[in-house]
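Each of the next two complexes has chain A plus one other chain: chain B in the first, chain C in the second.
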Partner chain A sequence: MRLLMWWSGRALSSAATLLGVSVLIFAAVRLMPGGFAETVLGPFATAEQKAELATRYGLDQPVFMQYGHWLGTVAGGDFGISMISRQPVGAELLARLPVTAELSLLAVAVSVLAGVPLGVLTAVRARPGGGGAAGRLLSGLGVSVPEFVLGSLVVFVFSRYALGLEVGAWVPLTQDPARNLATMVLPAAVLSVFAVSVTARTTRDAVMGVLVEPYVTAAVGRGESPWFIVRHHILRNAAAPVVTLLGTITAYLLGGALIVEHVFNLPGVGSYIVQAVGRRDYAVVQAGVLLAAGVFIVMNVVIDLLVGVLDPRLGVTAGRRS
Partner chain B sequence: MSLLSVRNLVIDYAGTRALDGADLEVAHGEKVGLVGESGSGKSTLGSAVGRLLPRPARRGGGEVLVAGEPVFDLPPAGVRRLRRRHLGFVFQDPIGSLDPTMRVGAQLRLVLGRGADVNVHLERVRLDDPRVARAYPHQLSGGMAQRVAVAMAMATSPELLVADEPTAALDSQVREEVLNVVFALAADAGTSLLWLSHDLPAVARRCDRVAVMYGGRVVEHGPAREVLGKPAHPYTAALAGSAPAAAAHGARLEPVPGRPPVLTGPSPGCAFAPRCALAADRCHHERPDPVRVRDQEVLCHRAGEVTA
Partner chain C sequence: MKRLDRLSLGGLACLLVLVVFALGSLAGAGGDPDAIVGPRLRPPGPGWWLGTDNLGRSMLPRVMEGVGTTLLLSSIAVLVTAAVSATFGIIAGYRGGYLNELVMRLVEVLYSFPAIVLAILVAAVLGPGQVAALASIVLATIPLMTRLVRAAAVAVSQRDYVTSAVISGARLPRVLGRHVLPNVAGTIAVQGTYALSVGIAVEGGLSFLGFGVQPPQASLGVLIQRGGTYMIAAPWLILGPGVVLVVAILAINVVGDGLRDQLEPRETRSLT
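On to the complex of A and B.
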């Protein structure tokens, strides 16, 4: 019963969130200076030409009518037609999703495999006054260097000097897996710098918080070894914030790593949206943002379920018992 | 040879002196109560027995011997072996000392080994309900959780159990049940007990010996009834006088006047001198050496002049 209540509550709030996002994005694309007609026809188009184009795409109707029409088709699973490529937006997004998914998976895998052990190790080895400063500086740097700076630097270095990895020559995974991976390594690495830094830091903080818990002292008092305690008592107790972070990073990347995909010229969801914004391709921007919001909502439900499994006190059915 | 022997132990926490040359002996099978006000160094002494002090703690001198082994001079693996073979700990916060993400049964199995019968160990602490093993710590009451913690600490039949105010967080009825379990299990296993407590009447009832701490030192040590019945140290006398149960019905409780000291370095004289009615000039400048009064070891220049 409680579970049913939880799911229905989540479904309702998710629907409300999506609806809010749809209104915001629909309004936002139309508030951008320079409408679709101006962008497509250029600065020298006549008023008649613009009006003709607007009529063709229904842009002459009142905005709330346009919105109602769009919402109706989206609810039916149809995201409309790209005004530039004249292809269905849904199909184009779907075709680009594997690229973004692969990129996200690589970056998140590196965060888990490097960030989590780094965080655990630095927390367990932490001594008062020793080593912490260097780690904080490094992770602070990793968190704060913007992706476009790092991305551009990597693109420059790797296209200027032959270092064995190609930049900008994306190959489909199905065509040549090895070359595909070679083109994905660099963008994934650029994304990882931020993800690893923030994962390591969050893991470290979480583990340090668990280390001072009485049950850890009790385990030390029973004569357990540090790694036994890490494995059995610390990892799971420190997992909730790390899982939340990794889920958020995954959702963020799946919605399209806009800058990195664009800089590395990868045909993913992110570069698709960036192009669409430039060309005022309303249907594509709307669908892309809605997709990103949907991914976030689903990921948040997944995070809540996972955290509840990891820590029974936080479970979705745990209720409000202290 | 004593099972536990603490000699002139000095422990500092970043500028604060928690132990200022503490001495304590616990023999095999003995039940020793360690009493004193909050901040007197009880918990530090209890933790030092297993080298479980928090990170900023520094040993400024002295030693702790458990079964003849110097706890502070052993390599990490040696300390772990010593804890596994000889020591058990029970702490104040019963639910906090259990892992919140593991079922009680799983935690016990982690201590006992895979094939062990968890229910036998739960029944020993009078938790007969089979649902306890399947419960998470937050689903237990404080008394149940503390009995689980006792079962875990006693699972390996340690030679010495250090119980740091195990009943401070429990209500009075549950308190007695938990103490009964602790003392019964200790008696069965021949385990010595170092019980840190504020509860003087309970200590007098249950313990063979009592050690009274003040200002980071054990100021009086001897048979429980003697120490609490005929104190030889002015502080013990004041403490015994301030215990509710010691007062005749209707009589005014006499609180210990003044505040306990916060030491930043070695106390120049007797740490209790500023609060002591009997303090003489030398009490402020000269650290007292242990003297024997009746069956008690006392750190006081004027021991023996005390009349309770």
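On to the complex of A and C.
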């Protein structure tokens, strides 16, 4: 019952945040310096086009009415018409979403599959008081290389020398899954470098925290094998911070995907937004940014739920954080 | 007070070298960044130690100018962030109540945007340029710093010295300025350092996409973006500024880690 209460509170607060995000995005684009109609239509707009825009967005109404109108259409899945292609933005986003989703999921998979074992291994092997300079430097390097630098270098290396993986020739998943995967490996690898380092670091810290617990000493005393201890005692108890971290990583991957798609020329949501900013296509920017923030907020609720399942104690205490 | 460990000192030294680089560029060392010194797209060699670009300009002074632009932009942005976050974080943490609720709500909204996505929105609204880059860094770094300053201020506000200051009749500005602020300054310093590295990455990313600093002014992001066009023929155009950018971010992160171990020994690690 108490958990249910906490859950509805969490959902409500996320909804409020999402509402705040929508107000911010609406205000940012609608109250632009120079005026909305002029900026969107450009200097050569006819009076007719302006009138069409005014009716479409209800520009003659008070601002909060305009906001309500916009929110209503967005909630109904109508993100407006692209000013450049004259196509519905919602349909285009939906068509591009699978590319970004595939890229992000691959990157998350890599960061968990590589980061967690790396973190566990370095923690178990660590000497007390250790953490050598080389290890710190290496993990520091992982979080310090921006993906536009790494991406540019990877594109250079793989387009200059034939290394078996094509760059910039994207193939739809439905057309040829194997070739699609081959074109996604490099972008996903570039995107995941930061996430792998952070996951490894957090896993290491969490595991080191668990290692000093008495029940681990007891298990060692009972003569259980190291692999068994890691699986049964350590991983489960160290999981919560790592899963929580996935929320932060998601935000990071959403931003990183934008740059990686641009660098590798992938037809995803990110490159769509980047193109749109260059062309001043505000309907697209508005929808894309709202989508990114929305995914992040929903993802964090899901992760809170997951952490609550993993460790029931945390759900209750987390409810009391202000 | 213990000194910074070796690795952090190394980071600090790297950072100093970059600052000297940037200052040297202002003083004209390394040559004129816009002067054409030799053939186009030449690999590094005497006369052009980082190679020449597509117009025959030497990359060395351009990278030096770029370091200056990037560091200056990020530093100004982080100072603004620190001022805003310290003010709102301390007031929210000390006062609590509806004010705290309001500040935390606003921060939560800002926190929902991935940094580069927020930067894109800012650039779309303000138009590409330095102002957009500056505003993006400020907005992207405010949420985390405000949250952590507030958390530190909440803990400090319950200390006896704050209570005794209040009892002895100190006014609010004095309590906050003399008793709370100095005791959350460590958090501000550590988070400010991390914010600087986030700022450099955001400026780089935004300029790389073409929405930050605009050519002909050089910033590290601009140089890497321009270099991308001639990447196959002249990889040094992205290698030079790329390596410098990574070194700058890494050095700042390492210094931040060292500061954190000094100033907040039991704090958990923060991301980026």
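We take it that the second predicted complex is superposed on the first by the 256 of 322 C-alpha atoms of A that agree within 3 Å, B and C clash if a C-alpha of one lies under 4 Å from a C-alpha of the other, contacts with A are read in each partner's own complex, and residues count from 1 in each chain.
In the analysis below, a contact is a pair of C-beta atoms (placed from the backbone, for glycine too) under 8 Å apart; a residue touches a chain by one contact, two chains touch by 3 or more.
Please read all numbers here as calculations on a predicted model, not as lab measurements.
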Touching partner for A:Pro312 - first (chain B), second (chain C), both, neither: first
First, second, both or neither for A:Glu213, with chain B first and chain C second: first
Which superposed partner A:Leu254 touches (first chain B, second chain C, both, neither): second
First, second, both or neither for A:Arg222, with chain B first and chain C second: first
First (chain B), second (chain C), both or neither touched by A:Val155: second
First, second, both or neither for A:Val190, with chain B first and chain C second: neither
Comparing the two partners chain B and chain C, which touches a greater set of residues in chain A: C
Common interface positions of chain A, toward chain B and toward chain C: 322
For the chain A and chain C complex, residues of the former touching the latter: 16-18, 20-21, 24-25, 28-29, 32-33, 133, 136-137, 140-141, 143-146, 148-149, 152-153, 155-156, 159-160, 198, 201-202, 205, 245, 248, 251-252, 254-256, 258-259, 262, 273-274, 276-278, 280, 282, 285, 288-289, 292-293, 296-297, 322
Chain B contact footprint on chain A (complex, rising order): 127-128, 212-215, 217-225, 232-233, 236-237, 310-313, 321-322
Residues of chain B touching chain A in the complex: 50, 52, 54-56, 79-85, 87-89, 91, 93, 96-102, 110-111, 136, 138-139, 149, 152-153, 156
Residue numbers on chain C that touch chain A, as the complex places them: 6-7, 100, 104-106, 108-109, 112-118, 120-126, 197, 201, 204-205, 208-211, 221, 224, 227-228, 231-232, 235, 238-239, 242, 245-246, 249-250, 253-254, 257, 268-269, 271-272
